[in-house]
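Each of the next two complexes has chain A plus one more chain, namely chain B in the first and chain C in the second.
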Partner chain A sequence: MNFVRKEKIIFVLMVSPALLLLSVFFIWPLFNSFWISFHTWPMFGKPKWVGLDNYIYTLNDPRFWETLKFTTIYTFTATPMLFIVALITALLCNVRTWGTTFFRAMYFLPVVLSFATASYIWLWLYSELYGIIIYVLELFGFGGPDKNLNVWTTPTSGLWAVNTMVTWKFSGIQMIILIAGLQAIRDDYNEASTLMGASRWQTIWHVTLPLLRPSIALCLILCIAGGYQAYEQFLIMTQGGPQGATRTILMHTTDMGFTWFKLGPAASVGIFVMVIIFVLTAIQLRLFKPH
Partner chain B sequence: MKRFSSDWYWYYVINYTLVILIIFPIYWTFISSVKTPAELITSDPTYFPETWTWKYYFQIWNYDLSSTWQLSSDDYMRLETKSLKESIINFFIPNEKKSIGRAFWNSCFVSFGTILLTTIVCTFAGYALAILRGPFKNIIFLLIITPILFPGVSLLIPLYKILKDIGLLNNLYGLIFLHSTFMLPLGVFMMRNAFISIPSSLREVAILEGTSELQIILRVLLPLCIPGLLTVMVFAMYVSWNDYIFAYVFVTTGEREVLNVALAKIALGGNEFDMKWGSITAGSVISFIPIIIFYTFLQQYFVRGVTGSAVKE
Partner chain C sequence: MKLLFKIILAVFTLLPITKISFANDDTLIVWNRGGWGEWVVEGFNKKMEAEGRALRATSTLNPEFVLKFNAAMSSGERIDIVAMGTNDLPNYAAMGALTDITDFVTGFDYFDNLNPIHLKQGTLDGRYYAIPNAADVSGFVYNKKLMPTPPKDWAEMLSMCKDFAAKDQIMIAWPTKNPGGMRFTGLPMAWANGGSYTSDDGKTAQFNHPKNIEWIMHYKDLYDAGCVPENVSVWDWGDKQDGFLAGDIAMIGTGNFLMNVVKDHTEKVDAGFTPFMSKDGSMTSSYVGGDGISIPVTVGNMEGAKEYLQYALSPEVQIEIYSKNGGLPVRSDLVDNNPYLTEDSKMFLVESRRGYAPYLKPYHEISEVIVTAFQRVLAGEDAQEVFDEANVTFQAILDAAN
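And then the complex of A and B:
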């Protein structure tokens, strides 16, 4: 009896640091974020209950819709790019032969850099006058005779420039997930399909991809959830410009909160982001549900 | 399919092309950072530096470039003429408080703190949840892994308020706590699995011999959990070293800035100028060197940690 009690005490002692961290920096903020979003925050004096006013303010705010629209465009253009590159590299690395481990390590390498570092690197590659990418593009005749190609002048070219960087940086994770999925597929399926006279592409399209469904779902869920949390790549590379056309929803939140000190509306934007990510994840889980 | 048929030829051609494309930005950043200004700022780029210079590294390590874009000749001379001993001291103590050198050590401090705190907290929690009997065990476990469902960045506003209330705003310890909290789901999950996979007879024998619980963990069980422990540590380093948004929003004093945030000042300020591009490439190299060294030696743990956060079994 005494022994069991001692074990319980030790259990509580060992779990409490984790629970303490969790409650101070996760559970409390989570509830607090709802509380803040239902209050108004004057410069001086006490916060006041305003009900759903902050949510209504956010829904009537054109900047919210602009940034949400841009973030959605970014997410749904970057995701296919990432996924296709990841799928190609995964299929290339799934062959058991000399060098696969090396190739896999190299494809994964950019993942370990931070988004910020990757942005600095690519900022230099895209540099208006001396960047190597601009140099190569001009060799191929982009930019016209006066040679002043600058990818940051229009939102579209800026978006694709960032998308390229994100694909370079992030497709490694998706590749590893897809490889794990590919390795779980038994060789019999591929052999059977080859015996039945299917070409390699037919095998990939009709046998491999359908069996890869769970991994594909995981990749897409990650990509889309990550896309809505995009921040530093746009802060550093496009700086939200030109004319705020490439601002993401998270940049809107931080501006609201820490530049204009509208904490209530900012907290409500955070909750909207959370709900959007939840809904999109739920939709994908439904779409990719195994039969 | 024979080994050296044309199929394999194309296989290697495609793979090597992709590898070169993927490595090129990193290679280009490195060689740009050691080029002389005349070679760096040119419309006719060279693919290997003709003369090497470490000037940009010395400058950003020691001086706050966002305020002074050109160094005085005195400062310059002091950088050029240094003994080995002075250089080593300089490596640990940069000249100015708002320099990349200082930011580098801040980043190291936060990463090291996160690794330490995460390891301790996750080992204890993982051990308790895997082996000991206690109240609400399953509920506690579920609670600890919930944060994985929530995007941490959507909590920015309340976190700001809480850090301000408990006096950890603008403080590197605050960052350590935040990073460790968002490491908890993966860390506890990994450590719990590692402890479960060890046969329970080992612990029973140790108990019969009168070993205390803490000694059982440290001496008997933990040595068997090294792979799981390394995964947790490597991922803690990855999360902490690479974080941008928490550091950017919660730590704003110049001398406490971490590396990623300090570099932004160079990247966003100044003109198209050799000082800017030389410094930003040198800064990028400083920021990715530690993590690439870790990656070289602990590659499998990196892969497992980074993807393990996504793949839930």
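And then the complex of A and C:
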């Protein structure tokens, strides 16, 4: 066996487990979703081809637009919150001084929790009876003696309450990505900037951030794709309420597919979400393309 | 050794794929959505043991019942018996998930004594797919320690509400976050008042019926008067029930099952039960819900399943399990000599024959529509506008399902 052929066999052997997993858990379900979206898919009996009917049904369904609108609002409010907190903590934790490692670990700690656990912890923190956040907010004059403060009574306060939890939960992983990016920037760029008389802020704005573009792109892509897939946090914390105003597109898809057993329309909603994420990712990749 | 390892690996890999089941003809796989069903399984197994027979029922209790049952049925999993909410029966019958048991059911000696409202939920095009089993009938429970007598009509309810508010006490709570609870304990107030949910055939939405709107406006009046918890729109069933049992709320909508629960809370609660009433108090109504029992089409032991159904309707279950524990018999011939029925049970029994159960295929899909409408009205939006809007969505869902 010559060397090249041996290399090829090793390559195939190395790649095949990942390829197999990808095929079984991503490519096959994806094609299956496409297939289902063109059918009426009953619990029993043969599926019936309906062409684009499920897509038309979805586009005419006000619940699709309402949940899509809310998911978009959530994505574009949570993303800046998350990113700004991650950037600040990354810049702070990139300073080589005593205690940096400790703070990195502390900021990263919430990432290891599951979404469900984090949601329940914050539900407790927001409890109107014994939640410390509500207690502190009431100290600052929110609510009042005759009015219990409950963050879940309006869609806006519910959204910001979840956004805060998500920022706490995910800024750690974004911080690590940004620190990796920061550490890839050669020190001489910053030194040159300082020698040329730039302030610390000017150095960050004109030198650090442009060089951090690939890391920023990765963070934003993860945030936006994650935002459109929001599910557990709203299912646990708001249950879609009040007034159904905090239902995400994924909650709608799950209800449609598994509770109401409308698999065809649910698959079409899934395809729409996939296309939205694909387009937004492509736009971001273009915007953050290195010069 | 290597060969043995390979064989073990192959067996464990292939087992789930080949759907080899260890269940046999001595087993009955029973899926229950709630606690009543667990007691029936226990009773059935004791009976089999006493008769020296090998047949045993195994119970699977599923809190997320609909999701799991859908997944199990669509994958063809064997289930011999399913006890589900009667509101789910029309949809599963229409989807072809349940066995047609018309000949079996109509052959019962006591067929004419089965509650017709309950029985109708398990039908499709005149065929029977389920038997009525555990009845859950709704009504008010009030705490005599806080409210010696219940209001007789809506005007008195509002007047009492103002008295409670003046004392900074909570009189009543309908948690609008809870779709099942709003349907079970809220809509009967509208029905008693002459309102309706859909046409009798379940094909035309009537959510914006003027009498329904009259009821929600009455609730809004109570809310504005200050005797309803301010954050009731984020309350669930458990919040109002816990509040009532703790002696903090004077009156809530509930079901006959609470007759058993209040026995453990006599320190704080002296419970009385009364039906939902119309505006002038002349009419009453209730939601006739509960569990229906069916044989799924994926049944593996048909004879055992039929035997289980007969047992579930027997006096052993209807009297010694249900009636004894605050339940109601679904057979009218088991009322007269039933030693466990109290005055309160009899009130619920009367309501179980007078009340209503909407026959809807897309039951769960409508949930979000109705709770959103209730919450929007409580938040101050125009009730007519909100209910008209909800009715359009309601109708679109019904059209798609029918």
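Quick note on the criterion: the second predicted complex is superposed on the first by the 258 of 291 C-alpha atoms of A that agree within 3 Å, B and C clash if a C-alpha of one lies under 4 Å from a C-alpha of the other, contacts with A are read in each partner's own complex, and residues count from 1 in each chain.
By definition in this document, contacts are C-beta pairs under 8 Å (C-beta built on N, C-alpha and C of every residue); 3 or more make two chains touch, one makes a residue touch a chain.
Not measured: the values here are computed from a predicted model.
Put simply, more of the residues of chain A are touched by B, taking chain B and chain C as the two choices. When the two structures are aligned on the shared chain, A:180 is found in touch with chain B, with no touch to chain C.
Applying the stated contact rule after C-alpha superposition, one finds that A:258 touches each of chain B and chain C. In the superposed model, A:128 makes contact with both chain B and chain C.
Within the superposed three-chain model, A:239 lies in touch with chain B and with chain C [touch as defined at top].
Of the two partner chains placed by the overlay, neither chain B nor chain C lies in contact with A:227.
Applying the stated contact rule after C-alpha superposition, one finds that A:62 touches chain C and leaves chain B untouched. Applying the stated contact rule after C-alpha superposition, one finds that A:120 touches chain B and leaves chain C untouched. Of the two partner chains placed by superposition, only chain B is touched by A:18; chain C is not. Overlap of the chain B and chain C interfaces on chain A: residues 128, 239, 258. Interface residues of chain A, counted against chain B in their complex, comprise 4, 7-8, 10-12, 14-15, 17-19, 21-22, 24-30, 32-33, 36, 89, 92, 95, 97, 99, 103, 105-117, 119-125, 127-130, 132, 135, 168, 173, 176-177, 180, 218, 222, 225, 228-229, 231-232, 235-236, 239, 250, 253-254, 257-258, 263, 266-267, 270-271, 273-274, 277.
On the side of chain A, the complex with chain C involves touching residues 42-45, 57, 62-63, 128, 147-148, 150, 152-153, 239-244, 247, 255, 258-261. Put simply, chain B touches chain A in their complex at residues 8, 11-12, 14-15, 18-19, 22-23, 25-26, 28-29, 32, 40-43, 45, 120-122, 124-125, 127-129, 132-135, 137, 140, 143-144, 146-147, 150-151, 153-162, 166, 177-178, 180-182, 184, 188, 213, 238, 241-245, 248-249, 260-261, 263-264, 267-268, 272, 277, 280-281, 283-284, 287-288, 291-292, 294-295, 299, 302-303, 306-307, 310-311. Within the complex, the chain C residues that touch chain A are 66-67, 70-71, 73-74, 95-97, 177, 230-231, 233-234, 297, 362, 364-365, 368, 371-372, 375-376, 379, 393, 400.
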